[in-house]
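Next come two complexes, and both contain chain A; in the first it sits with chain B, in the second with chain C.
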Partner chain A sequence: MTYLNHPPIDPRLDLVLERIVDVPPELVWAAWTTPVHLKKWFTPAPWVTVDCEIDLRPGGIFRTVMRGPEGQEHHVAGCYLEVVKNERLVWTDALAPGYRPSEKPFFTAIIKFEPHGTGTKYTAIAIHKDEETRKNHEQMGFHDGWGKALDQLVAFARTL
Partner chain B sequence: MTYLNHPPIDPRLDLVLERIVDVPPELVWAAWTTPVHLKKWFTPAPWVTVDCEIDLRPGGIFRTVMRGPEGQEHHVAGCYLEVVKNERLVWTDALAPGYRPSEKPFFTAIIKFEPHGTGTKYTAIAIHKDEETRKNHEQMGFHDGWGKALDQLVAFARTL
Partner chain C sequence: MANQSDELDGMFQALGDPTRRAVLERLGSGPTPVRELAEPFKMALPSFLQHLRVLEDRGLVHSQKVGRVRTYRLAPQPLKAAEHWIVTRRAHWERRLDQLDSYLQELKKQQS
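Right after this comes the complex of A and B.
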């Protein structure tokens, strides 16, 4: 299967977090694709991920339930688009499992895991339909939130 | 790559056209995936397909321009989700090329091509987000339109 070479990134529409981390791609991949692992790091504290469902194939479900400090819950269900072990994971909330168009499309995520010495060059790209949605995501704290979650991922992956 | 086994079909949300045709899967596939071929059959007359762009890989563009008898034009651009040669083609207009969430999601299409004697068991499934969208698509003439287009495809494929 030949995939599109993502990006080109469009800075008006896309948000990017790129960082070198000192755990290898295999462990970052495991943290992203195993529900019991993902619940340990996915949500920046004090939020927690209290449920996670993963069917790791194109069209398969990626569902999470995040709970805030006041008990408020945020449910998200989307599906995977590309699953390339230890290399790349693409999922979207614009499609529900089985590729059904969803009620509230927000973004598509492309996560790339590239070997870098004994660690990983980690790139997370959030792709939006327009500039307003990108700005909303940015103001919700994309960079800080995804950065903190990655810190948690790395701390957790070191225990694997 | 392991794919989800589509359907289950949900009759409240999905529309299905299933028919045995007397041309082999390879030719039906060629008619669906080659722009110069697709323009010959894709739109029920008197509408015509005047432009078509295909980048046949997950995330790649599937774009058509259909023109009606009064010169009105209907532009659609989506992307492919699954490309399994001679077997299955999945595309959606809920995502633009590169998986960007689109402005006006309408449906995802799963087209299956199964060998049947010397011909093909052809199944086209249109998947919608809710019952209202399914009903709209039905009232736009899904069964008649996709049926006529398939007649045109078969007549054209016999000339290949």
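Right after this comes the complex of A and C.
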């Protein structure tokens, strides 16, 4: 099968992050694809992942529930698009499980895993929809719990 | 476009340090001479100056020397909304992956 290895990136909307870890690809893959592991790290503190459901096949569900420090909850459900064990994982919230178009599409994530010596190089690509979705996302205030320092800083900059 | 992305990377790096964030917050209330800026930090002056250099290289602050006193102020160009958003998204992902990497180290220890 051929796939779109690296889609066109818009730096105003998209992110590419690359990491090298001294851990074999099988373990990195497990951390991304097993609820019990994923719950331990997926949501930046002080938010936590309190529930996670994974049906690891194209069209299968990927659902998480994140809880904020004040008890507020954020539910995200999407589906996998590509599942290539130890190599490549693609999911989106633009399609609900079973490929049904979703109400509020926001992003697609591509995670690539490559052996790197005895460890792994993994690349996370986050592709976001458009300006309007960006604004909606800001209004949800989801990042308030963890981006505070940065927000305050930007507020300072804006007063200049 | 790559340039813009590099700029964001640089800015994020500059913001990713508590001392540098504190300096920016301090400068938020007005231009400040180096000595006064350095005061609250328990750090050798050369290390502190290194932080100021990073902020200046990234275009977040400017400095001006009058006589023997160098004064720093915030750069007049604020982060634009779009930059703010993408920088915040990046911070989110960086933190998420930091958590993943430390969890992976734990997993690895458990397995060996």
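As a convention for this text, the second predicted complex is superposed on the first by the 125 of 160 C-alpha atoms of A that agree within 3 Å, B and C clash if a C-alpha of one lies under 4 Å from a C-alpha of the other, contacts with A are read in each partner's own complex, and residues count from 1 in each chain.
To be clear about the criterion, a residue touches a chain if its C-beta (ideal position, glycine included) is under 8 Å from a C-beta of that chain, and two chains touch if they have at least 3 such contacts.
For clarity, every value in this text was computed on a predicted model and none was experimentally measured.
Applying the stated contact rule after C-alpha superposition, one finds that A:Phe42 touches chain C and leaves chain B untouched.
Once chain A of one complex is fitted onto chain A of the other, the partner contacts of A:Gly59 are limited to chain B, with no touch recorded for chain C. Of the two partner chains placed by the overlay, neither chain B nor chain C lies in contact with A:Thr34. Contacts of A:His128 after superposition on the shared chain: both chain B and chain C are touched.
Judged by the touch definition given at the top, the superposed model places A:Val90 against chain B, while chain C stays out of reach. Within the superposed three-chain model, A:Gly98 lies in touch with chain B and out of touch with chain C [touch as defined at top].
Once the two complexes are laid over each other on the shared chain, residue contacts for A:Val23 go to chain C alone; chain B is not touched. In the superposition on chain A, A:Pro11 makes contact with chain C only, not with chain B. In the superposed pair of complexes, A:Glu82 makes contact with chain B only, with no contact to chain C.
Comparing which residues of chain A touch chain B with which touch chain C, the overlap comprises 13, 128. On chain C, the positions that touch chain A within their shared complex are 1-2, 4-5, 8, 15, 21, 24-25, 28, 74, 76, 78-79, 82, 84-97, 99-105, 107-108, 111.
Within the complex formed with chain C, the residues of chain A that make contact are 9-13, 15, 17, 19, 21-23, 27-28, 30-31, 37, 40-45, 124, 126, 128, 131, 134, 137-138, 143, 146-147, 149-154, 156-160. Residues 1-4, 6, 13, 55, 57-60, 81-83, 90, 92, 94-103, 105-108, 110, 127-130, 133 of chain B are the ones touching chain A in the complex.
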